[in-house]
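For reference, the structure I am asking about is given below.
Labels A, B, C, D, E and F are assigned to the chains in the order they are written; within every chain, residues are numbered from 1.
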Amino acid sequence: MDKAKGKGQQTKKEEVLKTGVSGFDDLFAKKGIPKGSSVLVAGGPGTGKSIFCRQICYNVVSKGKRCMYVSFEESKERIEKSMKSFGWDVTKYIENGTFLIQKINPLDILRMKFGSLGGSGSATDISYKIKPLVIPRDFHPDVIAVDSLSAIIDASVSKDRNYRIYLQQLFSFFEETGATSFLITETDPMPIRYSDTGIEEFLADGIVVLYNIQKEDVRENAIEVLKMRYGEHEKKMVLMKITEKGLNVFPQKRVFV
Amino acid sequence: MDKAKGKGQQTKKEEVLKTGVSGFDDLFAKKGIPKGSSVLVAGGPGTGKSIFCRQICYNVVSKGKRCMYVSFEESKERIEKSMKSFGWDVTKYIENGTFLIQKINPLDILRMKFGSLGGSGSATDISYKIKPLVIPRDFHPDVIAVDSLSAIIDASVSKDRNYRIYLQQLFSFFEETGATSFLITETDPMPIRYSDTGIEEFLADGIVVLYNIQKEDVRENAIEVLKMRYGEHEKKMVLMKITEKGLNVFPQKRVFV
Amino acid sequence: MDKAKGKGQQTKKEEVLKTGVSGFDDLFAKKGIPKGSSVLVAGGPGTGKSIFCRQICYNVVSKGKRCMYVSFEESKERIEKSMKSFGWDVTKYIENGTFLIQKINPLDILRMKFGSLGGSGSATDISYKIKPLVIPRDFHPDVIAVDSLSAIIDASVSKDRNYRIYLQQLFSFFEETGATSFLITETDPMPIRYSDTGIEEFLADGIVVLYNIQKEDVRENAIEVLKMRYGEHEKKMVLMKITEKGLNVFPQKRVFV
Amino acid sequence: MDKAKGKGQQTKKEEVLKTGVSGFDDLFAKKGIPKGSSVLVAGGPGTGKSIFCRQICYNVVSKGKRCMYVSFEESKERIEKSMKSFGWDVTKYIENGTFLIQKINPLDILRMKFGSLGGSGSATDISYKIKPLVIPRDFHPDVIAVDSLSAIIDASVSKDRNYRIYLQQLFSFFEETGATSFLITETDPMPIRYSDTGIEEFLADGIVVLYNIQKEDVRENAIEVLKMRYGEHEKKMVLMKITEKGLNVFPQKRVFV
Amino acid sequence: MDKAKGKGQQTKKEEVLKTGVSGFDDLFAKKGIPKGSSVLVAGGPGTGKSIFCRQICYNVVSKGKRCMYVSFEESKERIEKSMKSFGWDVTKYIENGTFLIQKINPLDILRMKFGSLGGSGSATDISYKIKPLVIPRDFHPDVIAVDSLSAIIDASVSKDRNYRIYLQQLFSFFEETGATSFLITETDPMPIRYSDTGIEEFLADGIVVLYNIQKEDVRENAIEVLKMRYGEHEKKMVLMKITEKGLNVFPQKRVFV
Amino acid sequence: MDKAKGKGQQTKKEEVLKTGVSGFDDLFAKKGIPKGSSVLVAGGPGTGKSIFCRQICYNVVSKGKRCMYVSFEESKERIEKSMKSFGWDVTKYIENGTFLIQKINPLDILRMKFGSLGGSGSATDISYKIKPLVIPRDFHPDVIAVDSLSAIIDASVSKDRNYRIYLQQLFSFFEETGATSFLITETDPMPIRYSDTGIEEFLADGIVVLYNIQKEDVRENAIEVLKMRYGEHEKKMVLMKITEKGLNVFPQKRVFV
């Protein structure tokens, strides 16, 4: 990073979301993620994607902001219990209505009218807006975490020629909420694509990749900001540890593949 | 593993399942697998997946717990005989009703109504619960071993856009039993995916990978805990031997790929 | 480059478009891109494709020329704001009508009659001209930037046997505008194909590839002119930096893969 | 192999089939293959798969046992002649009825009702047993060799979702005969999958892999026991020579890939 | 090349076409390409395929022979202009009728009756001859260049089981013209297949491969004669430069991959 | 090769076909190919497959035997001329009826009833014999060369589940002629599969692979006998040169890949 950034860093500091994940915000020149961005959180199994999102949610709501966590696979109870096991007691925020955990039955996605997009292509059928989530009318989240975008896409996107349009509508939805959104996508352990269709990575504003790197017989966790629109960032893969208290990112510790 | 784990290890010890497989439980900070987890047991041919599950079953039932072993390919008689050949005399547990071996004819899975999930996608068709197994009404197993999940999936999942939903329902089923479940999945010898569709590895709580590593002209067995939700674990591949008495895991012996 | 070029460089200088991207024009013997060329701007996520095109647009309009920027994903407002964040104040050019930002709803592409091309193949159906964009009648752009060509192709090209013809018509359209066109295509991070179908790279007059190269744990940006009809160019990959002021290309700094 | 095997080796010796292939039986702790096993004989072209099976057949029938050799491609006459060319005079065993060579016209497999398995999936259609071979009523073979399983599968298995069930039925058939079966499967020269569908290798009790290894400009034959249920075995690839008298396995000679 | 060739080289010299591309003809024992051959000109984007063909055309017509250049993508005007930019003034040959540039609208190929070949396979439908080009009745070209064969194949060949037959008819057409034909095919940058379907390379009499080789951060152009029926040739990849005056081949300068 | 072969070599010498290709027969213990074998001649473009077959044909007919050469792509006239260019004057053998060149129009294969094999699978439809060639009633060839088997397969085999059966019938046809058959198959330059479907290599009695090996910037031709049923052979890749007089094989000259 060059020195000219020091100045911008101060004047624009308020425009970024501080995740509060130890060490992570330091990967950005402005010490956070540009607010309103849609960020893919990409990684293989066991890389800490869910922990990353939950840690952000806890940090955000404990500062008095609003957060919505959408899960397709784990129940509200398991998520709450899991967060507590890291010492993140979210019960009060759930009770005071600033932290909203939503378990969506994937069957409900099927029931929505996504199917018509993949159909004959007649324009009238696809002029409505897509709503993958229902956000309560008076709830304006600062952060939305979706665990996982892969689940939405698998459930609703038929792999025909219109799925890019569907994806664009999906990202437009998140953009229009005004929230910074973290969208988990499932990849191979050492990904060269960062999403299910290979298109999300171009539509999203940012990509954070979580690695589980095999080095001889040992594995190390690492994290990298691969892309962030409107936000200058470190261009390297750094060490991350998954501990009993959540994730620790070590911006100065290099990880070699 | 950092030192902070020592404390948690004592207070939470009762929440984990001890597999009793020599050396294996030592791979976890809490010396066992979080109870109620769904664990993929992934590996290529000849890596000891079935032995691993049967050894756990024997250890569990010999401590007075209940266990259910579901097979799609081997008969009850062969499984019992195979276990005895390792010195695991399960006859008394079968007779006293604490060890239940169930041979499921894969044709029976076809007869169930899974097919409708892959159909038109009309919501009403898919609102019922999926039951891949029938657990006797009064039998509450502590451990369920499925040999193999691949067999269930091959028999019931058509590879269309709804199969993730089917898989989610399948994992929900195992979660709701309350048992710790071990689900064998068949992979390439040196897998980079750990399941049939590439999705199970994200849905499961844990992944244990069994390797049969070719080093020049010799092969070595190895085991690795790749992922375990709610359970801190060693992040390395360690030596495993298949002996006449079952599996031995050597947490201190490294295996290089 | 051999010395004979010095002379041609002066007599033909006026036939090239100077992009104004620092260092980039020096990659060409004639210090710019042959006017009227169609140029693929290919790269993976986070390689600076959009910044490259926007920087060219700003440089072009600030010299009194006309430019049209077509976006399928980002709104006019975001694009304008993004350009300003680099210090490129395009508001006056938007207002005086020399810079035209067009947000196209991908649904609108579906509504056009592209579908008939993929159909029965009867000749009468496909004798009309394809118009992926509507250029205002009196607006004669010097530069057209399309962000992205991938979006047009995903929305309109069914992958059947006629798509090459569709693509040819598409490139004819850009050629007939007389403008130099920059067409963003999305690729793998280290591409061996430079476009969605593998055909665009043969139809386009030029290919500029943007790289995000992983070297151990660090990433470096690089740029390369892979092909340019009628325009002799450096045949190497050189360093590029993404800064707060836009892209800097370093024609003398080599980048090793 | 650890020392504890010595004892088991003596008490259980009678439960294994001795193949009589020079050096091969020494790869097993119990000096032979567990009786009743289904064994894949996997290898690329020219690796000696047919010779291996025929050599076992000769050794078995010359000890007074019964053997059935099923061929889909070579005629009875060619097989008999081929065996004699190795010095294995099977004529007397054919005549006294202990060696049965069966040439099956692959068209006959098509004529069987396998097709219905791949159909609508209605349960009643698939409740009968599959009989890929017709074993004469009073003939109880100790060994069955199938040259090749690939031929059965190619002829009868449509690659739809039910083919695992078909394969399970096929392996059940071989298991129920009580014979030790050797099932040739055709693979790539250096296989990472050991069968046509990738499933047979999990269903079979054992896998013997035959290699034709290219080392610079020379090729060497090698053999490896990759898997054997209920039978401890060497875990390495050893030298094998194809001679005028059949195969010779050298358990002490290592082969490097 | 062995010494015996010296003699044949003189007696048969008149049977070869001299391309006139500097250094290229020296790659052949007989200093040219056997007349009447069909030659694939294969290469990735930016390797100089079109320049190669145009340079041959200019050299041929400037010696008083006839040449036909067929383009599917560039207009007559652009091709003429492009050739002039290399100093190849073909205007007089166009005017005197010895150089014929034909721009074929790919839609016209669709209009021909190729479709019926891919149809029901009834023999009567496919008994007519295929004419991908219309050669004027009194024009007997010595050389035909097709830019590109890929365009013909993409437009007319459905990838069903009959396409080899279609391709054979296509090559028969070129053979029957009596001309030496140069057929551009588009490949990957470092091809292991040299044509669209992988069959053209076996049907063609010759294959000339153009390379754009990445060596660390630099690219070099190279050329190789991979195959030439009835024409002994150098079996190596040699340096080629793309200059303002066209291609220069350096038969003595080796290029390492 | 071990020493025991010396004896067998003398007693069985008359059972092999001597190809007469310089050096090639020395690759076999018995100095030739077992008569009646079906031999794949596999290789990429420009490896000398056609020359190899034509050289054998000339050698065979010049010794007074009968030979049939079947071509799908080159005309009788071109084949005869090509052979003469190597100094193999086959005109007298064509005239005396011992050398038969047959040009088959691939359309004729389509006209045959192969299609029904790929159909409904009803047994009655497929009970007739397949005749890919028509051999004149009184012509009993010692050698049949097919240029190419790939052409037969592409024209007649739909890639559905029955194609193995079709291929078996095809090989049965060649076996029943009694001739030694050489069947050209087209592969990648450095093949790991030796035929179009991957099955021919298991059905054929022998495989001869022709290589065109790229070593840095140079290419070398090489030949290898990969498989030969009933015929012990060298197991290595040896140098081959394509000269004006045909192929020369150098059994003692090693070629490193």
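One rule holds for everything that comes next: a contact is a pair of C-beta atoms (placed from the backbone, for glycine too) under 8 Å apart; a residue touches a chain by one contact, two chains touch by 3 or more.
As the structure is a prediction and not an experimental result, all values here were calculated from the model.
> In contact with subunit D and with subunit F at once: which chains are those? Just list them.
none
> Tell me, which chains sit next to both subunit B and subunit D?
For subunit B paired with subunit D, there are no chains in contact with each.
> Using C-alpha centres only, name the chain that sits farthest from subunit C.
D
> Same or different for subunit E and subunit F, where same means more than half of the interface numbers show up on both copies?
The interface is built from different residue numbers on each side, given that under half of them are used by both copies.
> Please identify the chain with the largest separation between its CA centroid and the CA centroid of subunit F.
A
> Between subunit A and subunit F, what distance separates the C-alpha centroids? Give it in angstrom.
So the centroids are 60 Å from each other.
> So the centre of each chain is just the mean of its C-alpha atoms; given that, what is the distance between subunit D and subunit E in Å?
Centre-to-centre distance between subunit D and subunit E: 52 Å.
> What is the order of the chains around the ring when you begin with subunit A and head toward subunit C?
A, C, E, F, D, B
> Which stretch or stretches of subunit B touch subunit A in the complex?
Those residues of subunit B that touch subunit A are 2, 4-5, 8, 121, 123, 126-127, 161-165, 168, 171, 192-194, 198-199, 201-204, 207, 222, 224, 226-230, 232, 235-238, 254-257.
> Mind listing the subunit B positions that touch subunit D in their complex?
44-46, 72-73, 82, 85, 106-107, 110-111, 115, 148, 150-151, 154-155, 157-159, 186, 188-189, 212, 214, 216-221, 242-245
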